[in-house]
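What follows is subunit A paired twice: with subunit B in the first complex and subunit C in the second.
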Partner chain A sequence: MSAPNGKAHWSLYLYCLFLLAPLYWLVSMAVKSNRDILGGLELVPGDPTLANFVEVATNPAWYGAFVNSLTYVCLNAALSITVALPTAYAFSRYRFLGDKQLFFWLLTNRMAPPAVFLLPFFQLYSAVGLFDTPLAVALAHCLFTVPLAVWILEGFVSAVPKELDEMAAIDGHSFPFFFFRILIPVIRGGIGVTLFFCFMFSWVELLIARTLTASEAKPIVVAMTRTVSASGLDWGVLAAAGVLTILPGLAVVWFVRRHLAKGFAMGRV
Partner chain B sequence: MAAIRASSLHHRYQPGAPPVLEGVDLELRDGEAHAVLGGSGAGKTTLLHLLAGLLRPSAGTIEFDGRDLTAASPAERQVAQVFQFPVLYPALDVAGNLGFPLVNRGWNAAAVRRRVGEVAELLSIAALLTRKPKQLSLFERQLTAIGRALVRPDVALVLLDEPLTAVEPAAKWRLRQALKTVQGELGLTMIYVTHDQTEALTFAERITLLHHGKALQTGSPEALYEQPAHEAVARFIGSPGMNLVDGEVSAGSIRCNGQVLGATAAADGRCALGFRPEWAAVGERGVPVAVRSVRALGTLGGVATGLVTAELGGQAIHVQQRLDGPVGSQARLHIDPSRILLYRNGWLVTDATG
Partner chain C sequence: MRANQKAWLAVAPVVLVVAFTAVAPLMTVVNYSVQDIFDVHTRLFVGLDWYRETLRDPRFLEALVRQLGFSALVLALEIPLGIWIARCMPLQGRMTVAFLIILAVPLLIPWNVVGVTWQIFARPDIGLLGAAVTALGVSYNYTSSAFDAWATLVLMDVWHWTSLVALLCFAGLAAIPPAYYQAAALDGASRWQVFRHVELPHLKSVLTIAVLLRLMDSLMIYTEPFVLTGGGPGASTTFLSQYLTSMAVGQFDLGPAAAFSVLYFLLILLLCWLFHASVMKRGDAAA
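Our next item is the complex of A and B:
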């Protein structure tokens, strides 16, 4: 590989600048007061303040929403992996009647827009008393994340030679020992990638999260769309909440960055 | 170590599916290096899985030292396996991989270390003990995988499933030597499955030839070469394989295309005549043949050798001989009459002494 030439370099920097511009605007708004935001065009905040962040951190309506979001996102990721790992193993290792059809059918679930499922979810969860709980959102998101997780993990399990299973059996290991102590460590990169995609879907999803919650379990993405109060829009606080909402995503990407490329190379992501 | 006897093994993967193994008998002596040779789809890997206990045979029994272990789990059988390409636990270093089967059986750390050291010494991989599989060459990884298989002193049977396939040709010989040395020193009972006759013929004391799920012949490499019990064995062993031409026996003489090739005590009737390419010569004497091509094979043992392809009564045959001078298109073929083998219904006629 030769070093990229100067032109390509500059176009890359320009592109990054273009991508980062809205992000910069968000961060700069987050450290300004409402008066400064509405006062006029200001590229660099003249009078930076952390008051907006303090407001988000101390107001239960805000930090409660964060906790709600994180609760159902983590629940969803845990549920998805728990269900998808054995499923992916089965699809990868066993031949059974209709296995290919079933595998494809998993994907077709994702072909329908989430809005289609709003009514049945709303009615069902209201009936069983799950409405307005983090668990309701986590379960509803599973409809989309489990097929995705199975699809990704199947690729990773299939990349593990079948001989590893056989060797473990010949070594005298039980199946649970093999599954938890040998297979899972081998595909932990794939599990990380899968967690990342479950997290990303669940964290940014708005429609289902909004429909299935009211006040108790209101997630952060919903809180951010319902901030119009009597005194008008609280621009600064909203921007601060936005910055904080980006952080968990950044953290997750940071943890799986090395495995992501592998997932993409497998064509499963 | 153990002596293993498998009797009339049958296996099909699903009820109604075509059988993969049909009545295979196999006997391994204690401490024997045994090869199972066969083309793809012959049932070699299935046979290994049955011996390892990964599969249960549809019918037949497997005995280790006289104990019937047909239904026993892999762990109860105390077998170890080396696969086509090295299978190691990626998270563990070489020492960890070698010691894993022992740690798992509750050995204490000092004993594991001692045993791992011995095995590493034997395979000359002691310098690699602290490396991860990722940092090893394919050859070194396969050596480690072999070490894993040998590390348990109580292992009854070592199964090798084409262990040299993934290794580059130059390293194959070294790996085979290492295997053979270890097998001899430890007196291991080893079964070596391969489609490569050179590997089988050079590794094993005895060979079983598997063909379409049937064991056609078990014997020493020489026996399989000189006296193949079945036409399929005759064709499979040797490069090129044995010549087989249509012929007949009448009144004690072997005839092909109307010409007498030799004498036999076998009963009259049609049969196939088999002879190795080097048991015949194209030249001045014998029956007339049409020579199709002559291909130089190079100098073998100081003698310029060639492969002559000719037609005998419309059937192609190969003759390997020294190339003294040019071979004309019309020549004569002489086959050593004492070495012509007769096959009826595919099987060797054993009373055909000339």
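Our next item is the complex of A and C:
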């Protein structure tokens, strides 16, 4: 066991190996032809090919699904942050009738299994004409991302001293000026972390996304469940699509890497 | 804190969004659960009949037992392992950022891709893990043996979610002022004593969050087993969400599926509340 501030313990390297091994295997499958994959086991691909990636990048069924997924993930993140920021500020700075109950009730929504919402979601979104649009998935994912966003942002806003609000008022700044020009820049790390968590839910979710889409807005995660062709399962293309779905996650984690540790403390340790 | 009822204006958008995405659907589910619906115009109020039927359904009860067993098992593995990994992390430096990124990667992979990754990794014919285990002389096939299916699912869940516990705990550890460690060193505290009396108390709030998140999320697991085992072999890895989905989407049994949904949600709320209440009670007793 390492002392604080010491070097990483060897078991940590072992654990990272355990985390990376399946991913290495996925990547190695992605650069092999289906014949090579089924032909026999090889630790390092002997005859690497980019054909699987070319297939994903040129077939509209694949890249269209990618665009659909990215659309609803971005919509969801924008929507969640927009509605959650003022609420987080209100929870952090004011006491009002039923505030504690409301906060707790918001969190209980995070505890609802997506499967529970399958029945009503289909009807609800069909009734308002949103079925099979990215907006439907973005809104439905708000069920989980909005409570989480309020929770995380509340922690970050509470970490900002109240004197900042008072100073701004004394300086004669209006509330909107304070909110957008002073507060938001101060908690931008928290906003980045919140985006990370919204992404972490919306990009990875399958059940709700599958229920609310048919053909027009079919997301990548659903496209991947239907790769059985005439010649059986095409493992190479499936693996290539899988590798590509990991890339946006890597980009997001790179973007918030400096705030990661603080973000996981939800701003409140 | 200022008392200010105008704050409700700031909260209103969230309430509206949640009303649309949560309250209306949940009310619909409750509404279905007490009716027998033949078509749009022919409905019959049946009271609690669907609830009674669900609670007597042996497949529901079996899925419930499997679900509770699975959640208990993954929590028992992921929480200690996550704490251990967090303690192995260097507190700052370039390597810390690298470890944080590697740890965060599994959390950002779509859940069905996690399933696909492990499918490819664990298959005895094309998978590294499957081939390695077979080469050791162990008969292993997660599609035909219930034990192997469970072992693979649990291992996959540990792979997928231990990072969340580790990152939360790391954030907690990073916030402990160095003075605590210096004081413990002056007292000649052992590593275990430092952990027990300095680190663990500081981890309490993040560990509460970690256990709550893992508890609720493991109770609603659907996608990974759906991709990896399809609930099989037989029904050996069919958990609550999978059974509910087959009822709701496969068979359109509105009434029973709705009663199931309500019971399912209440179960998760109850377990989370029990855990949270016990943590809070113990905290009060210690204070």
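We adopt the following convention: the second predicted complex is superposed on the first by the 254 of 269 C-alpha atoms of A that agree within 3 Å, B and C clash if a C-alpha of one lies under 4 Å from a C-alpha of the other, contacts with A are read in each partner's own complex, and residues count from 1 in each chain.
In this section, contacts are C-beta pairs under 8 Å (C-beta built on N, C-alpha and C of every residue); 3 or more make two chains touch, one makes a residue touch a chain.
Predicted model, so just to flag it, every value in this text is computed and none were measured.
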Combined model on subunit A where subunit B meets subunit C, clash or fit: fit
Chain touching more of subunit A, residue-wise (subunit B, subunit C): C
Which of subunit B and subunit C A:156 touches, first, second, both or neither: neither
Contacts of A:166 with subunit B and subunit C, given as first, second, both or neither: first
Contacts of A:86 with subunit B and subunit C, given as first, second, both or neither: second
Partner chain in contact with A:185 - subunit B first, subunit C second, else both or neither: first
Subunit B, subunit C and vertex subunit A (Cα centres) - angle in steps of 10°: 90
First, second, both or neither for A:72, with subunit B first and subunit C second: neither
Touching partner for A:119 - first (subunit B), second (subunit C), both, neither: second
After superposition on chain A, the shortest CA separation from subunit B to subunit C (Å): 8
Overlap of subunit C and subunit B interfaces on subunit A (superposed complexes): none
Footprint of subunit A on subunit B - complex, ascending: 49, 52-54, 73-75, 79-81, 83-85, 87, 89-91, 100-101, 104-105
Residues of subunit C that touch subunit A when the two form their complex: 1-8, 10-11, 13-15, 17-18, 20-22, 24-26, 28-29, 32, 84-85, 87-92, 95-97, 99-113, 116-118, 120-121, 125-129, 131, 159, 163, 167-168, 170-176, 178, 181, 191, 202, 205-206, 209, 216, 219-220, 222-223, 226-227, 240-241, 244-245, 248-249, 254, 257-258, 261-262, 264-265, 268-269, 272
Touch list for subunit A against partner subunit C, complex: 1-2, 4-9, 11-12, 15-16, 18-23, 25-26, 29, 37-38, 41, 43, 79, 82-84, 86-87, 89-91, 93-97, 99, 102, 106, 108-121, 123-124, 139-140, 142-143, 146-147, 150, 199-200, 203-207, 211, 220-221, 224-225, 235, 238-239, 242, 245-246, 248-250, 252-254, 257-258, 260-266, 268-269
Residues on subunit A engaged by subunit B in the complex (per definition of touch): 161, 163-164, 166-167, 169-173, 182, 185-186
